[in-house]
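Following this line, the structures themselves.
Each of the two complexes below includes chain A, the first together with chain B, the second together with chain C.
After this line comes the complex of A and B, so read on.
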């Protein structure tokens, strides 16, 4: 199977090179057969990568311990669930996994547009093939996952050597989230290749109009959704596994995943400026370029460890390849831009500072400032070493100081932006749209002050959250009221109907609402506290409203590890509410330890309990308890964000014509149903 | 005022404010990376800076004492005695021969006083995909959000 897999990879490389070279030839000659063959070579590349990935997975499932990668990342007792995850638990496998996910996107694009956009697609195909060639080069020649263990036999020939068992999977990765978090994050990273390919393709081919933006909108949103989900799952994993009571530490790899999310978010907003007003064309193209570059940079930081691996931590040679690839992309993007920049001229100018345009502008500005701050903070050790010779790093205070105010500004714009009119907003409409929400938000702030709320950032966050939630609520209320007056349906039905008629707008509101929930959760972090105590059997510990009593400990042998558990009873108001079992795990194959946190989570707060080892003085087990308010809102907000994105991806329900009420409009729209996509045109009036 | 100028002022204020905050945060959290060998050569004010030092934990050197953990880091043929005084438990990966990164300040008696210890197993730990890379090899203290 390993021979099959590596052969598939070599063939995939050959096909990708053909898709790239043949695609360029097709663009020059415009020969239809050549265009077709380049496209089919692109599809073949994808299929071969699928085969290679499945064969590596097969090697894991068949416990083939003659393959180096399988030996280092699996063992016989490993649960089936984690044998799937073992695929991306190391360098070689994750790079193959990158290629695999990218292929899913590339294949879907090639299939979906095989008979459409004939002018643009050859360019797009070439860009996608170019990216695939890079990763296939790594898969084939730099970090092949199919290397077999071999040793010289009696006859002097190299023979396969099979181990009896593998080394097992790193304990940190043996956790359910690790099975779903990397696929999500990688789907985000790889997904941004598609808008990048379309943007670069459209620029290279001087493809007229905003068509590429309409075409890539849903691809960008899918990538963005996976990226969001990946980041939140990663945060949840860090929260539940690393046992330090927090979910975000501004670690280089965390930052790396956050950077393309920021520029991707900026892009999703600023494209609307181009769609509606023909502005920001240069900006949008560069936002896509930068987002893709940051995705590659993110993969590079994760894989090479150039930032976190300081002196003692071995650096990987793979870095050079990534740096070369990044330089090449920058070069190509600059070249394409300089050559064809006159085609990106703006059609309009900003009219007023209180307008939708300017809110988008500021939204983009602060997202970019945040991105620059995080990027420079993350790469600070690298740059400071270049410039001063000293390797200097910056920590959480640096990132928090900049990003907390930025987050609050962004939250403010989330509420304000969608309700401002294009071009110029009148004072009347400001009063009508923001009067109540502002009053409700401030009222919430005053009430909070009376209850002794004294954390300034959290207090502002609270006011803004209430304000934004009210603006969103008001929008749904007003729209649903109109529909209800006509149809007589219930309020909820009307609100659903309203959403389905303009999924993009109302899906967007749902995403904003999700972000409000996330912010509520983040604001809770200002009130975290924790306590640590050596515990005898029967001892108790008080944290917030909870009393923790150590009932005992036990040892539980499992298939792959041995768990030492503390049996902790949780009481509230002297009434027992539940048992928690924080664990220490000892993995037999690797002789490594793992920690399992026990969490009792409510909407108000999380009780987070860690078995922190035994005290060196007393030999008693140490219980470390944290009380983290509102954390659950973050995960809940994430679910809402994903749901909103899915809603926004749905096509609009046709009933929008009935709402318009004008017979002529319905007639006018009729012939369009056969030709152009009607949803794109109908949206115009509504957004 | 012209519209462009208004935008210019708005953008300028935001960028300047963020720049100032970044500078504050930088001053508060900047940490120098040094090797054990470089540490011996440091003089004067450079010795009072917050710094990170990497090395391998010497076999049998870890001693759990009351309120602190003592161990010896080795690297480039030099050794450095370290006292970890942080409150968080040491990471699961912190054992003999593991690669460790300590963060803190040199003490007056030549011992390095560490507030944070990161460690990874020398034998096999690889950067976790997508998730946490080398640094996520369970740091003892992380002051995030």
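After this line comes the complex of A and C, so read on.
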């Protein structure tokens, strides 16, 4: 199976080269057969990458310990569930996984547009094949996951060998979220290849203005949704596994995943300027380019080890390849832009500073400033070492100080932007739209002050969250009220109907609401506190309203590890409410340790309990308890963001213009024509 | 008599305090809130965890609490606090001991100041660009607004029709 997988990868490389070269030839000659064959070579590339990936998974499932990658990342006792995750636990496999996910996107695009957009698709196919060639080069010639295990024999020759068992999977990855977090994040990274291919293809082919935007809108939203989900799952993994009580440490690899998310978010907003007003064409093209470049940069930072990171299990010396690829992309993008920039001229003028257009400009500015600040902070240790010889650390306090004000400004714009009209917003409209939300937000701030809320950033965040939630609520209320007046349906039904009539707009509002929940959760971090204590059986520890009593310990042997558990009873107001079982795991194959945090989570706060191990000084078990307010809101907000994006991806449902009066007439005339009577029926449509 | 009583009381209290101190396990050492605050600004210098001393937890380690180095550093912070030193004085003491690597955030002096200045530079430069763009767009003459990809004579109606066509063609 290893030979099969290896052969499939080589064939995939050949097919990708053909798709690339044949595609260029097809663009030059416009020969239909050449266009078709390049497209089919692209599809064949994808199928062969699927086969290679499945064959590597098969090697894991069949415990084939003659393959170096399988030996390094699996063992016989590893649960089947984690054998799936073993695929992306090391460099070679994760690069193949990159190719695999990219192939899903490429295959879908090639199938979806096989008979459409004949002018544009050859360009798109060439760009996609170019990206695939880069990753297939790595898969085949730099970091092949199919290398057989070999050892020098008696005659000095290298012989193939097979081990009885493997080294096992890194304990930090043996957690359910690790089976879903990397695929989501990688789906985000790889997904941005599609808008990049369309943008570059459209620019190279001088394709009509907004068409590539229309074509890629959904692909961008899908990639953005996966990126969001991947980031949140990663944060949840860090929270539940690393045991330090936090979910975001501004680690370079975390930052790397956040950067394309920021530019992708900017693109999803600024794209509306081009669709509605034909503006910001240059900016949109460059935003897509930058987003894709940041995806590659993110992979480079994860793989190269230029900056120290908790994701050390994925590092290697492969970085030079990525630097070369980044340089090549920048060169191609600049070349294409310089050659065809005249076709990106803006069509309209700005009528007023107080308009939706301006709010999008400022939204983009804030997102980009945040992106560049995080990027320069992440790379600052490298630059400082080059220039001064001292490696200056840039950790969480720096990023928090820089990004909290930026985040609050962005939150403010989240509330303001949707309420401004295109072209020009009148003073009356400003008063009408902002009066109540502003009053409600300020009232919430005053109430919070009365309750002793004194942390300035959290207080501002609270006011802004209430303000944004009110603006979103008001938008739904006004729209639903109109539908309700016409149809007589309930308010909830009307709100659903409203959403389904303009899924993109109201899906976007739901996403904004999700972000409000996330910000509420983030604001809670200002009030985190923790306590650590060496515990004897029967000892108790007080944190906030909770009393933790150590009832005992036990040892739980599992197939792949042995878990030592603390049995902790949780009391609130002296009443027992539950038992928590924080664990310390010892993995026999790797002789490494893992933590399994026990969390009692409510909307108000998380009681987060870690068994830190036995104290090196007293040999007593050490219990570390944290009280983290509002954390659940972050995960809930993430779910709402994903739901909102899914809603925005749905096609619009358009109402047939039938007034309520006509509907009543139709009801009265029911016997006349069963099934033909006019009613407020809906038909499928698109915006 | 009163003097004897006073001495006895002091001795009793001191003995009680010493017994309490001896009974308290070293691992249960609690640090002041100030030590934790300053501990967020200095890195644990154990050389393996790369975390702030206040949250040193060695994920994946045999003991995932603050390691001996972090505890020592937090203890040192408390000693400095007891002397009435400011945060900056405490930080400087650690820099003298470990070098600039001890910072979790760049100091606001020398080359490191660049890291702090840059975000503001980005913001102001970006805002400048936005203001410039807005000003340029507002000044744009109407006839230029009707130029489409450098092709003069394209009316707004034709443009709208083209947009509608594109929209229809790309529905999926």
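Simple rule for what comes next: the second predicted complex is superposed on the first by the 637 of 687 C-alpha atoms of A that agree within 3 Å, B and C clash if a C-alpha of one lies under 4 Å from a C-alpha of the other, contacts with A are read in each partner's own complex, and residues count from 1 in each chain.
As a convention for this text, a contact is a pair of C-beta atoms (placed from the backbone, for glycine too) under 8 Å apart; a residue touches a chain by one contact, two chains touch by 3 or more.
Just so it is clear, the structure is predicted and the values come from calculations on it, not from any experiment.
**Student:** After the superposition on A, what does A:620 contact: first (chain B), second (chain C), both or neither?
**Tutor:** Second partner only, chain C.
**Student:** Identify the partner contact of A:533: answer first if only chain B is touched, second if only chain C is, both if each is, neither if none is.
**Tutor:** A:533: touches chain C, not chain B.
**Student:** Go through the superposed model and pick first if A:230 touches only chain B, second if only chain C, both, or neither.
**Tutor:** first
**Student:** Answer with first, second, both or neither: which of chain B and chain C does A:541 touch in the superposed model?
**Tutor:** neither
**Student:** If you stack the two complexes on chain A, which partner ends up touching A:402: first (chain B), second (chain C), both, or neither?
**Tutor:** Touch partners of A:402: chain B and chain C.
**Student:** Under the contact definition given at the top, report the residues of chain A touching chain B in one complex and chain C in the other.
**Tutor:** Residues 171-172, 242-244, 246, 249, 308, 310, 350-351, 353, 358, 361-362, 365, 369, 373, 377, 390-398, 401-402, 406, 532, 592-595, 610, 612-613, 616-617, 622, 624 of chain A touch both chain B and chain C.
**Student:** Which residues of chain A touch chain B in the complex?
**Tutor:** 72, 88-91, 93-94, 97, 167, 170-173, 178, 181-182, 185-186, 230, 234, 237-238, 242-244, 246-254, 257, 301-303, 305, 307-313, 350-353, 358, 361-362, 365-366, 369, 373, 377, 381, 390-402, 404-406, 409, 522, 525, 532, 590, 592-595, 610, 612-613, 616-617, 622, 624
**Student:** Residues of chain C touching chain A in their complex?
**Tutor:** Touching chain A from chain C are residues 25-28, 30, 40-41, 43, 50-52, 55, 57, 59-66, 68, 99-101, 103-107, 110-112, 114-116, 118-119, 122-123, 126-127, 129-130, 133-134, 137-140, 142, 145-150, 159, 162-163, 166-167, 169-172.
**Student:** Enumerate the contact residues on chain A facing chain C in the complex.
**Tutor:** On the chain A side, the touching residues are 112, 116, 171-172, 208-211, 214-215, 218, 241-246, 249, 278-279, 308, 310, 342-343, 345-351, 353, 358, 361-362, 365, 368-369, 372-373, 376-377, 380, 384, 387-388, 390-398, 401-402, 406, 531-534, 584, 592-595, 610, 612-618, 620, 622, 624, 651, 686-687.
**Student:** Spell out the part of chain B that touches chain A in their complex, as residue ranges.
**Tutor:** For this pair, the touching residues of chain B are 3-4, 6-7, 10-11, 14-15, 17-18, 21-22, 24-26, 28-35, 52, 54-56, 64-66, 69, 75, 87-90, 92-93, 99-101, 120-121, 124-136, 138-145.
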